[in-house]
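Two complexes are shown next, each including subunit A; its partner changes from subunit B in the first to subunit C in the second.
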Partner chain A sequence: MTHRTMVVCVALVAVVLIAILLDIFGGTRWYSVSDLWRPSTKLVGEVIWQIRVPRALAAAMTGMLLALAGLLLQTVSHNPLADPSIIGVNAGANLAMIVGELLGISLTILNAFWLSLVGALLAFVVVIGLSMSGHGFNPLRLLLGGTIFSGFISSISYAVSFITNTTQQFRVLLVGGFSGANYQQVLLLGIAVIVVLGGAVMFQTELTLLGLDSKTSVGLGVSFKRLMIVAVVLVVLAAGSSVAVAGNIGFIGLGIPQIVNFVHPGSFKSNLAAVALCGSGFMLIADLIAKTAISSVELPLSALSAIVGGVVLFIIVAFRKEAVGA
Partner chain B sequence: MKAILKADQLTAGYGHKVIIDQQTVEIPEGCVTGLIGPNGCGKSTLLNTLNGFEAPMAGNVELDGKQMSQYSAKQRAQEIAVLPQRTVIPEGISVFELVSYGRYCRQRGMHRLSKADRQAVEDAIKAVHLVDKHDELLTSLSGGQQQRALIAMTLAQNSRILMLDEPTTYLDLTNQLEILDLLHELNATFQKTVIIVLHDLNEAARYCDHLICMIHGRVAAVGSPDDVLTETTLANIFKVSGDITYDNDCPQITNCHPLPVAQP
Partner chain C sequence: MTRKIRQPLTLIFLVALWIGLFLALLTFGDIKLQVGAVLQSLVGGSSDFTTNFVVWQLRFPGLLAAIITGGELAISGLILQVLTRNPLADSSILGINAGASLGVVIVMFAASAIGLHLGSSWLLVAAFLGAIFSAGLLMLASHQHSAIKTLLAGVAITAVLNGIILMLELEMNQFDFDKVLVWLNGSFWNLGTRFLLVQLMVCLGLLVAVSFLIPSLNGLTLGDRGAFGIGINVKWVRRCLMAVAILCATSAVLVGGAISFVGLMAPNICKRFVGERMRYWLPASWLMGCCIMMLAQFVATNAFGKSSLPVGLVVSAVTMPYFIYLLFSERFD
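For the complex of A and B:
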C-alpha cells in the first residue's frame, strides 16, 4: 500500500465513522451527541441503542458487502457492468425468502439468512450455467443471461406476493430498507463481512492478476477454477446476507466500484479498501436521506439508492465522454 | 535434439468439437519453434493444449517427461510462461507492477515481493529495454512498448519455455521486427525455448529454427525453415503460388499469388 492510498483510506474510515454517527442521530427526530451516554429520557436511550445503532451498523455493513460483491463480480467476469442485483443473485435471494415464508418457514432472522443464501446460490449457479458456451465461461453471456433471469425472477417475486396478498408483508424485501434492523442481524452481517473481506484480502493477488484477461492470468499460474469457486462463495455470502437484512438494494454493487475506479483507476488490490469503505459510506448516507428527507415517511431505500447512484453515474459517464472527446 | 515438450497421439478441441485429431508433436529444447498454418488450422488449439490450459481429449502431453496433468497451476507457470493473443491492458497499472505479476508463480503465502522477486522484475524490464518506462502507466505506452512490457511479465516467471500466440499481429512493422529481435535475443542469451504462433511466413522463416506447419488439425510439415517452406507447401497448404528465394541462406517467399480454389 502506498503512502497516498494509506491517507485516502484513513480519510475514508473517518467519513464512514462520521456517517455512522449521523445515521444514529438523524431520523424523524434528531438526537444530540450526549444522548448516546446520557439520554434525556429512558425512551430516547432505548430508541438510540435498540433501533438507531443496530440500524446504522447494518447499513454500514450491507453497503460494504454489496460494494464488495459488485467488485468481485466485475473482476471475475471482466465486465464493469456486472453486479449481483443486475445478474439476478439478489432477486434469487429475495424469491427464496418469499417462497420459503409462503411454504410455512417462518422468517426468523436465521431462517431468512439461510433461505436468502440458498436462493442467491441457486440463482448464481443458474446464471453461470447460462453463461457457459462451448469455449467455457463467457462474460457477455453472464450479463445478458443474468439481466433476463433477474427480470424473470423479480417478476415471479412480485406475482407471488401479489397473488397471495402478501405485498405489504414483504414490503421491506421488495423495496429495501433497514427499518427493522436488530443486533442479531448485525451479528450475522458482521460474520459475513469478516468472511467476505477476509476472503477478498486472502485472494487479492489472484484477483488482481485476473484483471488481465483470464488466459493471461492462467498463464501466470492462477488456478482459474478454484478462484471462480471462491468468488462465487464470497458473492453469494455478501449478496445473500445483504438481501436477508435489507431486501434488494441495487446500484451500490455496480456504482461504487465504478466511481472508485473512475477517481483512481487501479487494480483489484489497490481499490479493495476504498470500494469497501465507500460502499459503507454511501449506504449510510442513503439511509439517512431515506429517514429524514420527508418527515414521517420513510423513502424506499432501493429506489433512493438507484436515484442517487443513477445521478452520480450519469455525471461520470457524461464527464468521461467529454474527457475522451477532448 | 532433446524434446522438452511432447504431445503423443494428441486429440484436442473445445466442447465436443475435435480440432486436432491424433497428432504427435515434439518441441526441441532451446530452439525458437514457429507454429504456422492458415486460419483455423488448429495452431492456437495446439498451443493451448501444449501449455496445459486445456486438457487433451485423448493422448498425452508431457513436459520434461512428466505428464502435464501432474503439474499444479503454479508449477506449470514456473516451467511455461504464456502470452495469449490480445491481452487486456488494465488501467492504472505501472510497468513495474505488471511485470511483478510474473512473480506470482514463485511466491507463497500473502504474495509479497521479496528482494529476489524485485531483482527478477528489474532484470526482466531491462531485458526488454523498458528501464526508462519503469514507473509509467501501461496505458500511456505505445502498442509495441505494451507488448514488450507483457513479454517482460512472462520473463519474470523465469520459466524455461516461453509461448506467444501471434505476438506481432496488432503491431506496425518496426514494432513487429523489434519484438521478434527481442525474442531471438532472449533465446540466445537465456537459452529459452520459445514457441511462437506466427502468420507471416517470411518472419517465421527468418526468426525460427524449427517450424511446425498445420492444416485441418493435422501436422503437415515439420523441420527447419528450409525443409518446410517449399513451393509445394505453399501450394498444398496455403493455397498460394510463390517463388522461394534465399536471403543470406534464409528462405523467403516472393511473387506470391493465391491459387484458384479447386471446385469440389
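For the complex of A and C:
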C-alpha cells in the first residue's frame, strides 16, 4: 500500500465514521451528541441504542457488501456494467423470501438469510446459463439478459404478493429500506462482511491478474474456474445477506466501483479498500436522506439508489466509447 | 406452404382468434353467461337486465381498454423496430413507456398537491411530453449506432424514471402500494365510459394516420438508402413515424399504465408468419397485440379466483421469457 492510498483510506474511514454518527443522530427527530451516553429521557436512549445504532451499522455493512459484490462481478466478467441487482441476483433473493414466507416458513432473521442466499444462488446460476452462448461466456448477453430476467423475477414477486394480498407486508422487501434493522441482523451482516472482505483480500492478487486480458492471466497461472467459483460464492453471500436485511436495493454495486475507478483508475487490488468504504458511506448518506428528506415519510431506498445508479449507467453507456465491452 | 397462401391464412386465423377472445372475455367470469345471450346483448336485442349489465357495464370497458392498449403498443413497437432496424426495440425497452408514465404521475401529483381535478386530455399532453423527453434522452445515447447500447441506454432511462415514479407514488398513496404498480407495471386504472371513448377516438385517429404511412414504412424496410432510391423523403418520413410511434405508446400508457413487451412480441411473432410486407405485417401485428392483451386480461380476471391481478404483471410474466429467447437467438455484431 503506497503512502497516498494510505492517506485516502484513512480519510475515507473518517468519512464513514462521521456518516455513521450522522445516521444515528439524524431522523424524523434529531438528537444531540450527548444523548449517546447521557440520554435526556429513557425513551431517547432506547431509540438511539435499539433503533438508530443497529440501523446505521446495518446500512454501513450493506453498502460495503453491495459495492464489493459489484466490484467482484465487474472484475470476473470483464465488464464495467455488471452488478448483482442488474443481473437479477438481488431479485432472485427477494422472490425466494416472498415464496418462502408464503409456503409457511416464518421469516425469522435466520430463515430470511438462508432463503435469500438460496434465491440469490439460483438466480445467479440461471443468469450465467443464459449468458453462455455457442461461443462461450458473453458479457453483453449477461447484462441485457440479466436485466430482463431481473425484471421478470421482480414482476413475479409483485404478482405473488398481489395475489396473496401481502403487498403491505412485503413492502420493505419490495421497495428496500432499513426500518426494521436489529442487532441480530447486524451480527449476521458482520459475519458476511468478514467472510466477503476476507475472501476478497485472500484472492486479491489472482483477481487483479484476472483483470488483465484472459490469455495473459492464464499464462500467469490463474485458474479461471476456481476463481469463478470463489467469486460466485462471495457475490451470492454479499448480495443475499444484503437483500435479507434491506430488501432489493440496486445499483450501488454498479455506481460505486465506477466512481472510484473514475477518480483513481486502478486494479482490483488497489481499489478494493476504497470501494468498500465508499459503498458504506454512500449507503449511510442515502439512508439519512431517505429518513430526513420529507418529514414523516420514509423514501423508498431502492428508488433513491436506482435514480443515482441509473444516471451513472446512462452516462457510461451514452458517453464512454469502449465502456460496454462491445 | 407458399407465402401467398400463408399470409392471408395467418390473417384469417388471427381474426378468428381475436373474435374468440373478444367473446370469451365477455362470457366468462364470476357470473357465467351463455355465448348466445352475449351475442344478443351485443347487437342490442337482449332484454335481460343482468346480461346487459354484466356485458356492457362490467366487462366491456376492460375489453375495450385491452384492445386499445394492445393494438397501439403493437403498432408502436413495429414502427420503432423498423425505424431503429433493431428487432428488439419496443417502447417499453427504450424507456418511452416509463417517460409517459412519469409525465402522468407528475401531473397527478401536482394536481393533488394544489387540489385540482384534471381532465384526461391534460393527462394525455403530460404523458406525451414525458414520452418525448425520454425519447430525446435515448437519441442522445444512440448516436453511436450500436443496437445493444441503445437498448442498454433505454434500460438505464427506465430505471431512473421508475425510481422517480416510485418515490412520487409512495408519497401520494403511502398505504396504497397497489396503485403504485399501475405506473410501474401496468393496469387498467380508469374504466370510465367517457375516458375510454375519448381514448378510443385517439386510437382510431392514430390507426388512420398509420394506414397513410404504410407505403413509406414499406420503403423504410429496405434501409434508408433503398428508401431514398425509390423516392421517399426519408428525413421527413422518419420524423412523422417517430411521432406516431411515440403517440401510440403515450395513448396506450394513459389507458393501461406501463405495460411492457407487447410491442416487442406482437411484431416479432407476426414477422415469422407473414414476412415484412406491411400490407400483412401491420394488420397482423395489430391483431396479435390485441389478442395478447385480451388473453392477459382474461388470465388476470379469471385465473386467480377472487383477487384479480393487475394486467401488466400478467403480460410481463408471460412475455419476458420470450424476450430472453429472442435475445439469445439474435446475433449482435
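Just so we're on the same page, the second predicted complex is superposed on the first by the 305 of 326 C-alpha atoms of A that agree within 3 Å, B and C clash if a C-alpha of one lies under 4 Å from a C-alpha of the other, contacts with A are read in each partner's own complex, and residues count from 1 in each chain.
Keep in mind that, in the parts below, a contact is a pair of C-beta atoms (placed from the backbone, for glycine too) under 8 Å apart; a residue touches a chain by one contact, two chains touch by 3 or more.
Keep in mind the model is a prediction, meaning the values are calculated, not measured.
Student: With both complexes overlaid on chain A, does A:Glu46 touch subunit B (first), subunit C (second), both or neither?
Tutor: neither
Student: Mind working out whether A:Ser155 is in touch with subunit B, subunit C, both or neither, as first, second, both or neither?
Tutor: second
Student: Output check: A:Phe314 vs subunit B and subunit C. Expected answer is one of first, second, both, neither. What do you get?
Tutor: The second partner, subunit C, only.
Student: Please indicate which partner A:Leu81 is in contact with in the superposed arrangement: first for subunit B, second for subunit C, both, or neither.
Tutor: second
Student: By residue count, which of the two partners contacts subunit A more extensively, subunit B or subunit C?
Tutor: Between subunit B and subunit C, C touches the greater number of residues in subunit A.
Student: For subunit A, which residues count as touching subunit C in their complex?
Tutor: 81, 130, 133, 140-141, 143-145, 147-149, 151-152, 155-156, 158-159, 162-165, 167-168, 171, 174-175, 250-251, 294, 297, 299-300, 302-307, 309-311, 313-314, 317-318, 321, 324, 326
Student: Can you list the residues on subunit A that touch subunit B in the complex?
Tutor: Spelled out, the residues of subunit A in touch with subunit B are 78, 134-136, 205-206, 208-209, 211-213, 215-216, 218-224, 261, 264-267, 270.
Student: For subunit B, which residues are in contact with subunit A within the complex?
Tutor: 14-15, 17, 51, 53, 72-74, 76-78, 80-84, 86-88, 90-93, 97, 101-102, 104-105, 107, 110-111, 150, 153-154, 157
Student: Give the list of subunit C residues in touch with subunit A in this complex.
Tutor: 137, 140-141, 144, 146, 148-149, 151-153, 155-160, 162-164, 166-167, 170-171, 174-175, 177-178, 181, 185, 260, 304, 307, 309-310, 313-314, 316-317, 320-321, 323-324, 327-328, 332
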